[in-house]
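Letters A, B and C name the chains as they come in the text, with residue numbers starting at 1 for each one.
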Amino acid sequence: MTILASIDLQTLGDAFGQGAIYALMAVGIGLVFGVLRLVNFAYGQLIMAGAYTLAYTSGWPVAASIVSCFAVVVALSLAMDRLVFRPLRSSSPAVMLVTTFAIAFLLQAVALIIDLRDGQLGQVASSIAPLNQAVSVGGVDVRKVTFVAVGVAVGALITLALVLTRTTIGLHTRAAASDFRTARLLGVRANRVIAFAVVVSGLLAGAVAVLLTVQNPFVQPDFALEDTIIVLVGVVVGGIDRLWTATLGGFAIGFVSVIVNAALPTDKTVFLPSVVYALVIVVLLLRPAGLFAWGRRAAVERV
Amino acid sequence: MRRPPGAVTELLGPALLVILVGVVGTTASASNEGYFLNALVSVAIVVAIYVFVGISGVLSFGQISFVALGAFAAGVMTVPVESKKGVLTSIFPLLRDHSIGNVPSLLLAAALGGVFAFLVGLPLMRLSGLAAGIATFAVLEITHNVLREWTKIGPGATTLALVPETTGALQATLGALVAITVAFLYQRSRRGRLLRASREDPAVARSVGVNIHLERLLAFTVSGALAGFAGGLYVHLLGSITTEQVYLELTFLTLAMLVVGGLTSLWGAVVGALAVSGLDSFLSRAESGVHVVFTFTLPQGTRLVFLAAIMALVLILRPSGLTGGRELRLRWSLRRWR
Amino acid sequence: MPEAAALELDGVDIRYGSVTAVRELTLRVGRSEIVGLIGPNGAGKSTTLHAIMGLLPVHQGEIRLNGQPLRRRSAESIARAGIALVPEGRRIFGDFTVEENLRLGLAARRRAYMGDPLAPAFELFPILQEFRRRQAGVLSGGQQQQLAIGRALVSRPDILLLDEPSLGLAPLAVDGIFKAFTEIRELGTTILLIEQRAQRTVALANRTHVLVGGELRMTLGPGDAENTQKIIAAYLAT
């Protein structure tokens, strides 16, 4: 097995780290999709805003910097819901998606203007960079952030699973995601459920902002854009209809990208996107409702 | 058979609008003419996308792949042979040692776009919904990746320069007209109408024996050929091109044009392309300082802020687009104005 | 002045676009009454319930709950005001457990009560308590209907709207839920019952209205239950 031979523990660690971060993003995107049936392309710009907050508060104590990152991201997430998602609630999926493109461009452009005030592009978030150092585990160098990423992801997912299954708001959110109309007929408050999904999705974006900034402290307006696109692809490939299949899809595409990258001969790694996206096409053709969506037909037939 | 109502305005409206833009473009100053030409090429691209997305109702993020292929094919094949030897060193000898004229290059671009779309569509047209959107997006990613990294077929990550700039006012106008006419003929044809009916109700269409897969494949191929053709126009307008110019931004911008104009009509595609590129041009002028009533200069990035904000506003306030997704109807509009 | 009816429809018109599905519908449901609404397919029965729940706008006329107009209120707020709908096709959450389905019904509860909040459902349908941990999707049709009714009852509504609850059930299961309706009425809950089983409905309800083509045709009393001719005539009259 030539593929396996080229994969060492370090690659595996990186793959889990990447998968974990993408899983968190997938949950954030999947939660909002569940209650609003809206694919939020502008999710990456929430993360970007968080990363800029970390960069601009680099001089503060780390805790304060991280708290302000979460505050900014959650506030922006709520604002997005009020100003954009709410008026769009009865629109077609295509219109919703394209509107979130526009919002993504808008936020990027605003970031560009703010960033350029000091005359140069990009800001450095230095205060949390030490997490990026490597530690040696059994002779293998693994970056601390990999552990943190996996830890945060596992912790966040378990917490979220508990909230969704054990609390009333969680029950209401799940009901709204599976049949919004019936949920409302039973008295479930739409605005409350949506606000819950939007806030949790914002909190996850904040966490991802911290993790990605540790990996790459140089923040630019297109920060997290590429990751978001990949996660969106992963979410649909996994099965966007359900939160856990979407999450697995996000994890899988992050994990597989790292593994494929390591398995490709060095002079061919430039073709990594082609290999990954070819896999995506194959999976979609074989399982259009989602790789992990067993025994279910896609509810999102028409866009 | 009775002629379907409104056929005249459905074609003439968009055509006259495009000719008007072309004519005004020739009277504009040299520095402004580019904006008009750009708008006309945008019309061709957006109409190409409309032929598939608008008529079939299936979302595709992949049509810019065909624009990219058309642009690079037409570009590489029209750079003079003597210059190619110096610039495109690692390219296949067949591509290096031959060059073709302007019109053949546009035909080549259209043919390649069509063939590529057909091959891709063969498996992919079974998908719909988000799965179709993502699969076509994957095609865009692969196309971009291959064009960027495979230096045997093109310039790779470097700029392809020295392409003859033949897309002037005449060619841009004619090109947009060709796209509009093909789209019109297709959507008026029996097969185009079948596909549109299947958009409204796939189950009913299937039950009366419409082979949706086949109809979608046809639309995808026509759309791919038009997109390739538009890519040819585009490269001959720019004179030099990189793979980044026919990738994500162009995909989002052209899709936004279509949705802003009104996803479901040819008139919407044309109006959306012209309105958004007009706005974009105005804002880029403003960014470099312009006199509109009084002179003002906007900081860099403001153009994108305004463009995105206006697009979002249109979509939120008028989700069916500026035209409401309807074709231009003279009688309808007369009644409206009275 | 007579006491306000629990639920009142007063000259109500309901439209889908330009098509009028229900025309000048006037009916009163008094406290602790069962009122039946029967009629052929497409008569506008579900449409009427949807308008009461605020899912469809009322084009003309007024719907009142305990004398208060319900105009322009959302479905969720109408549910919380004390009207519970058992929708056509039951609409239970098949992936959720029986207990979770019932707990969803609590979303519309107006105040807390002593004891197990799910008691109203369990007392009426003990099987739900037994199966409370099972997935709702695997229950039989009759049990699912019991779950749907139980889910509506745990919010302790003033008025229960039922949309063809016996649809697709075996005769024995139909007996079960019709018996339940009598018990629900005895506990003081008002019922507006939509049914295709005309005869049983007429026999059970205090009054049964016949809706044909969106208009009220006739009102029958329990005494008319044996008068099959009259019921058939009401359906066929155009």
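We take it that contacts are C-beta pairs under 8 Å (C-beta built on N, C-alpha and C of every residue); 3 or more make two chains touch, one makes a residue touch a chain.
Predicted model, so just to flag it, every value in this text is computed and none were measured.
Colleague: State the pair with the higher C-beta contact count; candidates are A-B and A-C.
Modeller: A-B
Colleague: So which chain ends up in the middle if you average the CA atoms?
Modeller: Central chain is A.
Colleague: Name the chain whose C-alpha centroid is most distant from the C-alpha centroid of chain C.
Modeller: Centroid comparison gives B as the farthest chain from chain C.
Colleague: Where the centres are mean C-alpha positions, what is the separation of chain B from chain C, in Å?
Modeller: Computed value for the inter-centroid distance: 54 Å.
Colleague: Take the average of all CA coordinates in chain A, do the same for chain B, and state the distance between these two points in whole angstrom.
Modeller: Chain centres of chain A and chain B, defined by C-alpha means, are spaced 31 Å apart.
Colleague: How many angstrom lie between the CA centroids of chain A and chain C, rounded to a whole number?
Modeller: 43
Colleague: Name, in rising order, each residue of chain B that touches chain A in their complex.
Modeller: Where chain B meets chain A, its residues are 57-59, 123-124, 126-135, 137-139, 141-142, 144-146, 149, 202, 248, 252, 255-256, 259, 263, 299-305, 307-309, 311-312, 315-317, 319.
Colleague: How about chain A: which of its residues touch chain B in the complex?
Modeller: 39, 84, 87-88, 91-95, 97-99, 101-103, 105-106, 108-110, 112-113, 116, 229, 232-233, 236-237, 240, 270-271, 273-274, 277-278, 280-281, 284-285, 288-289, 298, 300-303
Colleague: Under the stated contact criterion, what part of chain A meets chain C in this complex?
Modeller: Touch list, chain A to chain C: 168, 171-172, 174-175, 178-179, 181-190.
Colleague: Show which residues of chain C lie in contact with chain A when the two form their complex.
Modeller: 53, 55, 74-76, 79-80, 84-85, 87, 91, 93, 95-96, 100, 103-109, 151, 155
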